[in-house]
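These are the structures in question, set out in turn.
Two complexes follow with subunit A in common, the first pairing it with subunit B and the second with subunit C.
Take a look at the complex of A and B:
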């Protein structure tokens, strides 16, 4: 046996397992997306078991494309993912730079900062929507009510009263509503995933060359210039990694959307798949294939964009 | 431009005083080398001049102006680091132009200045490359280029050659020397290598544990070392330092004789010994002589080649006019 054959032979069980693991679900999804396959049909009982005789061609795809929610789900998916990426990267960089300086209590602050990442997504969503964002019982409702009471009390005060008289009555925002449920999801996922960005950026910052910074100080670079010309390019690669990993993860958000509004005004592709999968497996599979294509486009596009602007 | 005066400068890290009060003047246009064993505070001293380290007390004057509280960028000094500290994601052109860009100079002027500097350093062909694509010597030249474009009052070099291989080091030594000839700007150079110090400096500052042991020209240090530390540190191979009865003959606690100032004979001389290791360099031969009863080992440098074998008996005679005498504290007796 030659030198190369043995290592390949030893690798092959793992490679085979991974291939099977990936190809079988993908193959089945593809297969289901081209046939009529529903879980329950009194009128056409033959559709309830998958079979080639139920071949529908691109019919499922056509059905999905023509459904009223599809385009909205794609737009909404992209809107949610891009907003979360934008916020987590900016907050992550700022917080990482801030806590990279040494200060008393550094260890505890770092652990506290990382902790949101260990909360389960469903728990995260329940906590945010019921305890923080709720317009009556949540922190938001309490804060708005108290602000209104305070303004009302100060309205009768001498000298400054006229100023508060100009204040309008503040209205709490209902984050379960059609117009706002996507924002609620963005807020809670950003809160949960910023620590991930902070963690990655912080490790990268610690490997930054201090002599380069000293050279920049001598070259007359301000703190901002040092950040712009040294730190930010140094973070280019970790930013690309954070963007890539999060893009893939957040395209498949489900629990938060389900808990916040059950898809009311806020669907993404996985949620649409879930809705179809209540009965129409064929349409759900076709949507799944669209989701795979979208994920790949987003990943390639983001990677290129981030790479070009920051790694030059 | 470029007269630097240190007045009773001190530096402490916590309770540890690394530099006790120190006074030093570096004249305009001088090539001053700080030399000493590692941990002697020479790099700290340079960083204090650059403004990267704060002074614990004392003051620094640059061109007659108190610069103690002046931020590093405003001191008009340029520094070349041991690790080169080039900006890895910028091309050579952008690296060299960075200080000018930070000074908000017009882009056309920046380009002109960068190209002048690049031409003088033979970097024209590499202007659009990244530091990662350059060799060690080229990176060093880019670092020097970045310092030159600023037209600083003085250059500070922090062991700039220690990451280069031996052949390149000799070449760069010469280039830095020529740069000083051409620019006539004050340069302060830190090294632990006494050969670099001897070949490049107008003024050598020998440091030990933050204390200046001696300041002087290379030959002054070679011919009239102020104490046994300087005597042992300057010169290669090291000076033979002999104490005991032989030293008492000369009314000294310790006498020093350089390896090149000992005459060798196979038949007669003051000290008798046998040859240990002989190092043949072609142009010179270094003999390590044992068993003379004077000192455990005496190093002798002979010009040219000599045919001796290990174990041969040999006679040594120090040239009495080249003898250095030191008292019990190690200080030179005139």
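Take a look at the complex of A and C:
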């Protein structure tokens, strides 16, 4: 066998598998998005199986664009993803700078910190929404109740009592409403992915130019300006990569939304597709194509940003 | 102004205290889950038993009865192990060819592979359900193994590629001169040399397979259902079963979190595709 053929042969199983995995389902989604296709229809039984004679053109797309849910789902997807990105990057940089210098127990703190990243998403969601955020039985509810009791008890105390009498009765927050459950999702995913950002930023900080830093210290640069003009620029590329990888993962966030907000209106694009797919396959497919377009816009934009550095 | 590198009080005492606080805070939910798993269901929702309670193993002992835990765990192990092996089987030759015989297209192929990760899974949900149901593969181990392999293949190829690139080409060339064929090269030279990298890749792939929560939930019902599906199916106990739910959750994530501790360094390389070193 010639030298050129063999490498190709070795690569072909991986390439072919991925090609099939990508093209066939995507092709079918594209096809279904242009026909009328519903799973249950007593009135029009011919729509219940996919066929070219049910051609609908851009009708499904129009239907999806006109549905209130779609716009909300896009806004909500972007809101959730952007909030998570913002929080994880800020927290990630701060924590990475904090634990980068050696201190007693650095290794243990590192292990403690990274642990949330390995928790499966379903457990993450169940744990947070029930045992921590629940307004009555979760830690949140218990903490709020205790604070109220404490304030009530201190109200009758001499000297300081007037101060506590001014305190309002605290109300626990229910994280199962539409808007608040989006916050719950943001909290739990931020908890899971901040460790990932910390890990990457820490790795990058270890390759920071120490001589430059020492020079800055000798020149009397404050810690803040060291951070601002040396560390932060150094973290530029890792931040871009963290943003890219997380954007890919979080645009298709599913398990957390499913568990936290089943049916309460807090939906993102994948969840909306799942809802449509219970009956209206045409609409589900059109929404899927929109999701692909959205993901591509984000991906092209981000790959431009980091693509070159990947191959070095 | 010029105070030269004199460690401040905050530096010597504040940093460790703050760092430990942050670390414990992040670990706290996991700790809380494990703690709750040793409470009875009744104690788990009583504020007076928040910290002080009579620990019990009952939740772990009844896991089979309550949730049929071992069936789901067995499915998770089978699918994750098989998917990891299959991914390596396909990925190693591919990464080998890319690292040692790169062509002009190699870079593009690698980027294209990465781009398949960006395809939102939900977009192809129905066709996948349709295809697998009509092929009789829905809810089978085979299907889950295949899907888990395919979604992790890009990451595995990238990771292996970054490890193989570090191996001097001369060593492989020397093997060629000795008349070893390609499989021999891979088996007798490449795999022993890159053993650490391959093991790390396998470990990470296994973790991702274990934690996958979209396809394993949507493409199974009972037969091939994994632990993700088990937890997802018991999502809303409304305070009824905090104890037993914590136990089964802890049993689902415990082994993986511990495995994760061992491969945190590789995680950086794997998920940033070698761009952060």
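Methods note: the second predicted complex is superposed on the first by the 280 of 312 C-alpha atoms of A that agree within 3 Å, B and C clash if a C-alpha of one lies under 4 Å from a C-alpha of the other, contacts with A are read in each partner's own complex, and residues count from 1 in each chain.
Keep this in mind: contacts are C-beta pairs under 8 Å (C-beta built on N, C-alpha and C of every residue); 3 or more make two chains touch, one makes a residue touch a chain.
Please read all numbers here as calculations on a predicted model, not as lab measurements.
Student: Per the contact definition in the header, classify A:218: touching subunit B only (first), subunit C only (second), both, or neither.
Tutor: Both subunit B and subunit C are touched by A:218.
Student: With both complexes superposed on chain A, which partner does A:209 reach: first (subunit B), second (subunit C), both or neither?
Tutor: First partner only.
Student: In the overlay, answer first, second, both or neither for which of subunit B and subunit C A:115 touches.
Tutor: A:115 sits against subunit C, while subunit B stays out of touch.
Student: After lining up the shared chain so the two structures overlap, which partner does A:236 touch, if you call subunit B first and subunit C second: first, second, both or neither?
Tutor: In the superposed model, A:236 contacts subunit B only, not subunit C.
Student: Tell me which of subunit B and subunit C touches more residues of subunit A.
Tutor: Between subunit B and subunit C, the winner on subunit A residue contacts is C.
Student: In the superposed arrangement, which partner chain does A:71 touch: subunit B (first), subunit C (second), both, or neither?
Tutor: A:71 contacts neither subunit B nor subunit C.
Student: Could you say whether A:21 touches subunit B, subunit C, both of them, or neither, answering first, second, both or neither?
Tutor: Touch partner of A:21: subunit C, not subunit B.
Student: If you lay the two complexes on top of each other, which residues of subunit A touch subunit B in one and subunit C in the other?
Tutor: Touching subunit B and subunit C on subunit A: residues 214, 217-220, 311-312.
Student: Any idea which subunit B residues touch subunit A in the complex?
Tutor: Against subunit A, subunit B makes touches at 50-52, 72-74, 77-79, 81-83, 85-90, 98-99, 102-103, 146, 150.
Student: Residues of subunit A touching subunit B in their complex?
Tutor: Touch list, subunit A to subunit B: 209, 211-212, 214-222, 225, 229-230, 233-234, 236, 311-312.
Student: Note which residues of subunit A are touching subunit C in the complex, please.
Tutor: 3-4, 6-8, 10-11, 13-15, 17-18, 21-22, 24-26, 28-29, 32, 95, 98-99, 101, 103-106, 108-123, 125-128, 130-132, 134, 136-137, 139, 142, 145-146, 191, 194-196, 199-200, 203-204, 207, 214, 217-220, 237-238, 241, 245, 248, 251-252, 254-255, 258-259, 262, 269-271, 273-274, 277, 281, 284-285, 288-289, 291-292, 294-296, 298-299, 303, 306-307, 309-312
Student: What part of subunit C is in contact with subunit A in the complex they form?
Tutor: 1-5, 11, 15-16, 18-20, 22-24, 26-27, 29-30, 32-33, 36, 45, 47, 50, 90-91, 93-94, 96-98, 100-101, 103, 107, 109-111, 113, 115-131, 149-150, 153-154, 157, 182, 207, 210-211, 213-214, 217-218, 227-228, 231-232, 234-239, 242, 245-246, 249, 252-253, 256-257, 259-261, 264-265, 267-268, 271-277
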